[in-house]
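Letters are used for the chains, namely A, B, C and D, taken in the order the chains are written, and counting of residues starts over at 1 for each.
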Amino acid sequence: MRSEPAVTGVVTGVVPPVCTPLTDERELDVPSLERLCGFLLDAGVTGLFVGGSTGELAYHPDEVRLRALAVVRGVAAGAVPVLAGAVDLSTDRVIAQARAAEAAGADAVVATVPFYSPTHPAEMLDHFTAVSRALSVPLWAYDIPANVQRKLPAEVTAQLAGSGAIAGLKDSSGDLDALRTVLDLTAAGGARARGFSVLTGSEVMADIALALGADGVVPGLGNVDPHGYVALYEAARRGDTKEAARQQERLRALFALVRVGDPARIGGYASAIGAFKEALARRGVIAHATTPRPMGPLSAAERAEVADHLRTAGLL
Amino acid sequence: MRSEPAVTGVVTGVVPPVCTPLTDERELDVPSLERLCGFLLDAGVTGLFVGGSTGELAYHPDEVRLRALAVVRGVAAGAVPVLAGAVDLSTDRVIAQARAAEAAGADAVVATVPFYSPTHPAEMLDHFTAVSRALSVPLWAYDIPANVQRKLPAEVTAQLAGSGAIAGLKDSSGDLDALRTVLDLTAAGGARARGFSVLTGSEVMADIALALGADGVVPGLGNVDPHGYVALYEAARRGDTKEAARQQERLRALFALVRVGDPARIGGYASAIGAFKEALARRGVIAHATTPRPMGPLSAAERAEVADHLRTAGLL
Amino acid sequence: MRSEPAVTGVVTGVVPPVCTPLTDERELDVPSLERLCGFLLDAGVTGLFVGGSTGELAYHPDEVRLRALAVVRGVAAGAVPVLAGAVDLSTDRVIAQARAAEAAGADAVVATVPFYSPTHPAEMLDHFTAVSRALSVPLWAYDIPANVQRKLPAEVTAQLAGSGAIAGLKDSSGDLDALRTVLDLTAAGGARARGFSVLTGSEVMADIALALGADGVVPGLGNVDPHGYVALYEAARRGDTKEAARQQERLRALFALVRVGDPARIGGYASAIGAFKEALARRGVIAHATTPRPMGPLSAAERAEVADHLRTAGLL
Amino acid sequence: MRSEPAVTGVVTGVVPPVCTPLTDERELDVPSLERLCGFLLDAGVTGLFVGGSTGELAYHPDEVRLRALAVVRGVAAGAVPVLAGAVDLSTDRVIAQARAAEAAGADAVVATVPFYSPTHPAEMLDHFTAVSRALSVPLWAYDIPANVQRKLPAEVTAQLAGSGAIAGLKDSSGDLDALRTVLDLTAAGGARARGFSVLTGSEVMADIALALGADGVVPGLGNVDPHGYVALYEAARRGDTKEAARQQERLRALFALVRVGDPARIGGYASAIGAFKEALARRGVIAHATTPRPMGPLSAAERAEVADHLRTAGLL
């Protein structure tokens, strides 16, 4: 942890959790990943998040995680910050991941609460503090209870923001009430004034999160339609809530593509990630819609449904 | 995966999930780990499980996991099989862990269903099949829904046992009804006759699991009182259910030590692991009761309660 | 069910779920209930909801439920609509409750999905349709998954709104994303134009629900500070989102009073209901803060904390 | 509550939770219910439980509940005890149900913990104590967390058994570890010696529950095959665990009929209750397999599957 709160600047705007394109042999598809990053930057995104849930953090060995980070960093080339997920089961494993990401050039690392075993809020506090102390780059908290089973309590977030242990929050909890509490507490405690950043991971309530004061959005669907999220963000930023809502409605409709996969056959992540990749392939951004093991593939009919969604949204 | 079901022999008896002793600086305490293994072997255990939940699998970086495995393997010296946990988020990460464990000399590796993201039963099947194919040593399934959120369905276990993809099951689900279904299905399918092993992870219903036909027991509390579990197992094996129940009742009472930690202050794992280590330290087996980050420590009063439990059980 | 959609008019504004004051002997305290209704009407509420969760629906026998309804109806005297909860375990039991409420003069009845046993969405549809057919007054759906374990899916709500089986929704799910979907689907299907009403039960995100298009709010805390919610509602209605947010922030802070009860001693409902009643007693609206069996009472210190919250909010 | 512990005698053996046959018009089918009771008594059951989950307690209005109780009591005619469910949301509502059951001749009433709102263990204690005090007949606790969301903790059960507030436990939790703790604590505390009864509601682990010391079994499947459960019970009672297990295995296979209903179309209860009734109709015990609203019906193919299960079990 830096000796003084080292939050150096708010991250704002659209920061997509970058998909991880794979070849048919399930190897990292570097040219596709480069094209995807270029596509996102051209659309006006203000940062890139590698190794998030959408980036299949759970599915790739460390070396693939790090190679993807290096590729993204190469394309970003300092023009926008690159945040890297350092998700693992508990403190010392997270530190190992985080240091590797830092060494590979991440501008900030993003970590969840410990999972696998239940963790007390006081232990969550110690966890982030210890990870932060082990790093030179800023640490962000990644609140994603659907995947790690436990919510990072707003009060713990605020305490960590206050001490400078964390420089930002990626809120993928879907809990707008708790998000509002975080914004209130970090404003009251001074962390917001010092640059503590709050991004929402919600694809479907981003306009509301921005209206409540969030600085930006980290939408998985932003891989498929970055222009839509940039338009939403810019409308929200200039106070045009009506236009922001209009963009949000359009993106809410498009988001239905994550449910094309038959739940009797494949898991929800296989459906969502498969649909994002199918959409990117149909749009000509990446070469293959391949998903990692053990995700079951979308059927031909399901892939055609993805195309229908794109057509309806004017993206094909 | 071996070209034919390579289940080479049932694992029976008491196979403790070995604790991972740490120094005051939270480094692996090798002499203590060696003493612990010796203590267990002297008590008559028939195998050692490294890198289970009790072994703090979630808390140590890969190199600590592997060093602990090497130490245990050194003490076991081929006299008893060493099973090694290869727990990680999904297929390719598990394969990386499993290969490292195999290279470090594990006699078998033990893996859970993918976690972090929801996984369909058909995807679980593909997961274990792919991991098995990547290994030369047998693969075991580790069913522990309290930690990985999803139960490995009995039907999937039976299918994997039938194909030879898994050689055994460590059932830490606490679901005796499902355990019975696994035993029925693997008997009916022929896998049991070919040596498919079923061990229960239950400290408190081990006698019942054995009566239902389980081959052995993997009790965390077996670190503290291996003699008790060996006595329980031997009574069960010779059909003396009354004596098995008597031993079980004694161990059920002792198991209350896992709840000494105040839930208002520390998590449940910090309480249980802290109590096991405190007990081992009080019994003179390991040097320190240190737990890994971010587990909160037991208080002096809570440590004294652990000693009371040991005294009541005649272990101090 | 009416032969044609009989939605006769949108319910808008603030419709508090009226508390049920009890004497020290735990009898219905009729004078206090009358004073409470008068207090709410004077503050400008536009309807009264009897027999909601805040009204202790789970705690009173049928005759107390019906007497409370009669008292409230007497004070309302046709000036504002009276909605009555008809919450019970399944269809035929709900119909019995609903008919009794209709006979006692309810202007509409409010029912949840079946609980106790898991219910399929198709069965939910049949449930509300059957209840609606058994009534002459409009039926509302009460979506409160925290209490009945299952969310009423937005699609089922929309289908019921479309057929005219339900005239409104009381959304106490806290799920603003699903609320938005209900609003979208019922607008697209024409039900909104025919008067289908959507009220939020959220005390803490009411401004956002109104901004999304909800017609009004049913806040338990509205018993304690009806003026605050009326001010919030009116600001939202005239499009002054800043003032609505300011009122909401004030009410969010006040809402902390529901957590005064020590969770090591009493349940969450005992804390919340006890705090509302203590606040009403301190404000001189009701005579006693008595809660029904088996709710544990607040301690003297916890009651004093309620007073502190009132003072901070300028209500004492 | 009786001034002294009035537990007058242990209830042992097989006590089926009696199904509630309905006519095609969904009225109570009294002749079928009488035939069903006669069928059960002829098979050797030692008690009858009216108004349990299998008896569709959640689905019938009070008058149907009470008429069914009167019919069952008429057939039992004092030869076996009749236990009656008095399940409702909280203390005062349960008391109303319990007094009505007592007035209708129940020999004991069976109540759950409060549901709808979360309840603290201390409040559960007060709940059962208050219900017991309001009755002249013995009160039993019904532990069924799958339906009422909260487990009755073993310690609370033991305390209530010790005070004489409850005379027995119907354990439908499926948690054999907790059942064992109840048996241990009530033996240690003296309640078992005074006649405190413990019945398991498990269809599939009844032999184990009896081996652990339970007095009897309350199996929903016992409606369909009472002879099987009587044979299981008698084998267990005479210590023939092998024969008990053989009977249990046969009944475990038969129990699969509860899953004939397609989960994409109907809820789990509609499937299980529908299958029990279909089986009883096929066996000629009841006239119709009609289920209450809003349960969806089994399809013709699913009904044929029920018949297949009966044939396999030698019951058709």
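Just so it is clear, a contact is a pair of C-beta atoms (placed from the backbone, for glycine too) under 8 Å apart; a residue touches a chain by one contact, two chains touch by 3 or more.
Here's who's who by UniProt: A, B, C, D = Dihydrodipicolinate synthase family protein.
Since this is a predicted model, take the numbers as computed values, not measurements.
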Homomeric contact chain C-chain D: same or different residue positions, threshold half: same
Farthest chain (mean CA position) relative to chain D: A
Geometric centre distance via CA averages, chain D-chain A, whole Å: 50
Whole-Å gap between the CA centroids of chain B and chain D: 37
Multi-chain contact sites of chain A, meaning residues that touch two or more partners: none
Chains touching one another, given as label pairs in label order: A-B, A-C, B-D, C-D
In the complex with chain A, residue positions of chain C that touch it: 174, 176-177, 180-181, 184, 202, 204-205, 208, 211-212, 241, 249, 252
Parts of chain C lying in touch with chain D, wherever the complex brings them together: 53, 57-62, 64, 87, 89-93, 95-96, 114-120, 122-124, 126-127, 130, 147-149, 263, 265-270, 292-296
